[in-house]
Amino acid sequence: MREPTNDVVELRGIDKSFGAVRALQQVDLTVAAGECLGLVGHNGAGKSTLMHVLAGTLAPDRGAIAIRGADETASWAVSSAQDRGVRCIFQELSLCPNLTVAENARVAHAGIKGWGWRRRASRLIVDKLDEIFPGHGVKGDDVVGDLSIGQRQMVEIARAFTQTDEERLELIILDEPTSSLDAVSARQLLDFVRTFVDAGKSCVLISHLLGEILGYSDRVAVMRDGQVVANSPAAEMSRDGLVAAMGNVAEAQQGAAVRQSSEHVRADTPVAVEARPPTQQDDQAVTAHRGEIIGLAGLAGHGQTDLLLQVFQAGKRARGKTKHTRVMQSCALVAGDRQSDGIFPRWSILKNISIRSLGQLRRGPLIRTAKERELAESWRTRMGIRTPSVDNGILSLSGGNQQKALFARAFGSDAEIVLMDDPMRGVDFGTKLEVYDLIRSEAGNGRTFIWYTTEMEELENCDYVYVFRNNRVVAGLSHSELTEEKVIHSSFEGEG
Amino acid sequence: MDQLRQKLGEVPWVWSFLGAAVMWVIAVYVADGKGAGDMLSAAMSFSVYFVIVGIGQMFVITLGPGNIDLSIPANMALSGALAMKVMGGSDAMILVGLLAALGSGVAVGTFNYGLIRILRIPPIIATLSASFLIQSVAISYGRGLRIKPPEGLGEFMSVQLGGVPAIAVLTVGLAAIMAVVLGRTPYGRGLIAIGQNTRAAWLAGINVEVTRYLAYTLCAVFAGLTGALLAAFSGGASLNMGEEYLLSSIAVVVIGGTSIAGGRSNVPGIVGAALFLYLMVTMLNAMGAGPGMRSLMTGLIIVGVITLAGGETDT
Amino acid sequence: MLERLLSPRFLRAALPAIALAAVLLPIFAIQPRTMSYFGLDLLLNLAIPIAFATLAQMFILTVNDLDLGIGAYVSLVACIGATLLNSAPLLGVLALLGCVAAYTAMGVLIQLRNLPAIVVTLGMSFVWSGVAIMLLPQPGGEAPAWLQGIMSFKPPGVPFPIVAAVVMGLVVHFGLLRSATGTILRGTGGNARAVQRAGWSLLRTKATMYTLAGLFGLLAGLSLVGITTSADANIALRYTLLSIAGVILGGGEFVGGRVSPIGAVLGAITLTLAVSFLSFVRIPSEWQVGSQGAMLILVLAARAIITRREGTASWKTA
Amino acid sequence: EDLQDTSDMRIALSNNYAGNSWRQAMLKSWEENADEAVSAGVVQEAPSFTTAENQATEQAQQLQNLILQGYDAIVIDAASPTALNGTVRQACEQGIVVVSFDAVVTEPCAYRIEVDFKGMGERQVEYLADRLEGSANLLEIRGLSGTSVDENIHAGIAAGVEAVPRFEIVGSVHGDWTQSVAQKEVAGILPTLPEVDAVVTQGGDGYGAAQAFKSAGRDLPIIIMGNRHDELTWWKQQKDANQYETMSVSISPGSSTFAFWVAQQILAGREVPKQMTLPMLTVNQDNLEKRLEQTQEGSVTNKTYSKQEVIDFIQQAKSN
């Protein structure tokens, strides 16, 4: 990896506060041409806020911004950032769901207009998609709202990398781009980032997957509580070093994450959930016994989320039954697409957590507010949600912390079955380990988990894993049989 | 200043009360200090109906964009006629008559919801279409004839305790209960959650359809109740007595600080807004403004108040 | 091919046209005279102003707002058209421009102060009505001859209302759905923050949409007064609800910037016809009002079948 | 005796509103009369059509459909005196006889059976001038703003007050011809008003005004009544209790039958004046009981017209 030569951007002494929260304190950061800077830090460390400042969507309280050595602080805004070739893929979806893929490209590129602009826009974005994500399956005239979250993420990424003739492109900020992608697409993206950077452009990559950061960036900066606490070439960094710098308590458990086999559970305990995808042709079904952790694997968008919804819907029925599904206990769901499936944007953190538990918080017809607060506070501590007060709006939380609130909602409820829809999107490394622990101990107490995940290492936590392909279960692997090769093999070749 | 704004932002209903107070002061000033108290009691006795209807409409509006009940006027006409006919002028039948009005409300609400749920008709059009049907039922049932309310009920509607109408006190009680239902019961929470994000609400375990059904029914029941009360108060039901409630019911809700985008509701604000609208008309009447001027001023005042009160704190 | 024709997506796009056919064909059957040039002209000419008003409402709905004042605004324009525009053309034109400017200002105010549009437009509806009453305390006035002339224009072959509907539907379709700028305007309804982050000014989009709404409201008022030849202050109050219903019937949605101009025009025509359909059949007088409701329900019930099918289809891709 | 046989002719009633007792009575009178006429073979059919909403645009649409259906005559109670003109002209051009009544249209090709609304306003003030001595304060309850009926009655009242300088209108509200609205508006303005000696109305608002005065604890002024059963009943009660005296002026809903026969006579070839003025229906202290007896409970006072009455009326109008 080569040494940075000249700086594309330079941030000096950036401060940003939201009310009492000091999101950024005296942050210095530079990105050089031809460099991929990895940015890591716990949830709420200030990474996204810093990137908003860099992209011009948030004005810092103090500090200076320079582009190629020229001070731009005074005039820094979205448009000047765009003029200077700085682009950002935000953590939250920035596509217009009512527009087509091509039209969304047009929104981002003011230059696409005039006769035949649709064709040009469509070609531009589809070419880029082909380049980054071969086999993406997205068409230029698909309406974004109809795409899966993974596909939307691909479109958003491709859109940021497209370049019309008159545009400059120097630096791309990727804020947790892989959180909604499956392993294959994530790898495609990261490989593309390397070619992009090797061509002399720059990139800031934010991720909670330390492997991605260490494997693909030239330099790594670590943020903690609004400050950059470490900044050195990736080659000099180790996984342990990163974890230590991020200040995670859970670091000790690292590596010990492998779960003890618990196959005995299968035999002894009653069935909690039985569900067959409606298109399944053989009699293979997803079965979960009480106290088990069941993993759903396979490429994104192959029917795992649908199965969870199918179970959830049956669970809402009084008798817990629909045509293909049997659910014996009550269900809660941890959404992965938190914007559309999870949070209530106008509510406080407290109300977002308690909504699933109102029934049990009741005395007579009324909710006991003291109990409600108790519930929220206790889960804030258990999940480590970073906020001065649970009465703050949910949107004041960083992405990962919002996700933690959704965990708190499900775990704090009386549901016996917890369905998880790729729930670790945006959750930081340390917290993940804590949540794994929590899930295991809850399972030990008899809770059942059905867990769709796109990350291989998470499957290690499961007692039994079902691999999906084309809306069907194509393989069932017990913990002892589970290997990455088997999962990947079934994901691709399970059946036509 | 910012802090004050924020404080006020937490209690958006103060604006409507503030507005009402300003209107009242101006009206009293214009009338050379005459009738300040009488003006308030008149405002209270007439605001009652707007408050009750408004609360129902608020439950529907809270469900989120596109949810508005336009069948309120027809519903009021029908239930008013029904109540008066059932009561047949006899004090003994008052309770039965009121129950009949509530029952017709339940029927209307169920019908509205059925159109929305089973036929998937967007609520605005569903309730608009329903209102035509209901109006026909009201016409064919009542034949446009006006039936007098029982003496006892008519008198009760204008009982005053030291200038405060008894019915206003009851209405404030009802509003308080509904505020608690909205803020402190699982049902209310579920309703507000649906208004913010229906899918997320469903996934959080809320019985979406039951909640929506209850909201539409509650709205219709409140409109039905208002129909009966208004008929009693104004000496009989008439086909057109609900007409002005079409827009007013929406106006009191939104001026009262409920977010039209759903997910934020405000019961006290409705009371303030109803008083505000009534006193504003009183003020303009007292000033002797002509019809055009009065309408113009009404509009400017509403826009002015909402601009002062500031917008939604979030988007 | 048949599969494509029966696909839910296609059916949903075709729904406004199906609904229109469902109303129009029975009318043709009951009263064959309506199928003539003269018949169609009579049957449809009052749909022109409604279609304009519906498009105006659609612009507002595109940016997730709702206009409760469009009916009053159209009435005001009609009043100006029947008074000032005739008696003092220059003043009349200025007044009309002022109306459009007021709509622009309303959009700016709503955006700058982040106000709920529904309250502002409701408040403004009183303003429009007030000015209209001051201008025309009692019904009357006379539309300028040129305006009456335009509205009674008889093009060869195809009745004027059909020509007008096609033209306005296509113009707005290309302007809003196909043009590069229209994309930004609709995107604002879909995800305002995303559009803003891409460097576009939300103030400008809001102002543009409200200006367009003001402009189409203006066309609605003028075409209305061109047909009726004179005006009154309440002449178009019901356009408010009718226009909302028209947009929705045409496949638009309340939030999310999903609208269809052609659908809206068809929706407006369908509603106009649904209302008049009933004077072709004999119904006891007390049930006449109700049967209009029943008509609307029937027309919209088609949605149920289609959306239900679509519901099962989208289940898979959710 | 008709010059032409009308037994195969069709007359339609175009109505724009059904939401109050007056319109209901009007429709009922029409239907009863039409049924008789049809069974007597005078006309082939005479259906009525009502629009769902009280709007000129919708009524214009309805008229156009009636034209398309080829009716021989159309009788109109119009939503607007002018906004239907374009359509009415189209009807005339098709050779259809157009007769408007109650709320008439100004289009010259149509026949107008008018009510002297301005006179109705003047008449009220004249009556009060007789009743009240010295200066007096008047409260005016107006109807729906922006309509011609409201403007005309108001103009009559204004002219009347002009002529009687000792009268002053101290307050004016719009009751929208809806009793509950009138009651609300009057109750709102009352606290700001000095002593009120009389209330001038547009009919139908009297009872609401009386309620408002009662609940404000004010002395009852002379309230000009309309034609509703409850107004007359209230008046009767007050009369019996304390010799309360007032008057009532109104338009008879049976004017629809008058319009029907006019249309029939025109079709039958009789020459009819383009414009006729129907007398007002008045109730005074003496005929109150009789009128009340004839009025169905909850409805309005009515007078329907027979064919012969209408023929006589036409003759008289022609000779004037």
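Every chain is named by a letter (A, B, C and D) in the order it is written, and numbering of its residues begins at 1.
Criterion: a contact is a pair of C-beta atoms (placed from the backbone, for glycine too) under 8 Å apart; a residue touches a chain by one contact, two chains touch by 3 or more.
A quick map from chain label to UniProt name: A = Sugar ABC transporter ATP-binding protein; B, C = ABC transporter permease.
Just so we're clear, the structure is a prediction, and the values are computed from it rather than from any experiment.
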item	value
Neighbouring chains common to chain B (ABC transporter permease) and chain D, by label	C
Chain pair that, of all pairs, has the most C-beta pairs in contact	B-C
From chain D, the most remote chain by mean C-alpha position	A
Distance between the centres, which are taken as Cα means, of chain B (ABC transporter permease) and chain A, whole angstrom	44
CA centroid of chain A to CA centroid of chain D, Å	71
For chain B (ABC transporter permease) paired with chain C (ABC transporter permease), centre-to-centre distance based on mean C-alpha positions, whole Å	28
Chain B (ABC transporter permease) residues counted as touching two or more neighbouring chains	132, 135, 139, 143, 259, 291-292, 294-295
Residues of chain C (ABC transporter permease) touching at least two other chains	129, 132-133, 137, 193, 286, 288-289, 292-293
Numbers and ranges of chain A residues touching at least 2 other chains	none
Category of the chain touch graph - line, ring, star, complete, other	other
Pairwise chain contacts under the document criterion	A-B, A-C, B-C, B-D, C-D
Interfacial residue positions of chain A with respect to chain C (ABC transporter permease) in the complex	55, 57, 78-79, 82, 88, 90, 93-99, 103-104, 106-108, 110, 112-114, 117-118, 145-146, 148, 305-306, 309, 471
Touching residues on chain B (ABC transporter permease), where the partner in the complex is chain C (ABC transporter permease)	65-66, 70, 115, 118-122, 124-126, 128-137, 139-140, 143, 247, 250-251, 254-255, 259-261, 290-303, 306-307, 310-312, 315
In the complex, chain B (ABC transporter permease) residues that touch chain D	27, 30-31, 34-39, 42-43, 45-46, 77, 132, 135, 139, 143-148, 158, 230, 233-236, 238-241, 243-244, 278, 281-282, 285-286, 288, 291-292, 294-295
For the chain D and chain C (ABC transporter permease) complex, residues of the former touching the latter	18, 27, 31, 47-53, 55-58, 60-62, 64-70, 80-87, 90, 106, 144-148, 150-152
Partner chain A, residues of chain B (ABC transporter permease) touching it in the complex	180, 184-186, 189-190, 192-193, 196-197, 199-201, 203-207, 259, 263-264, 314
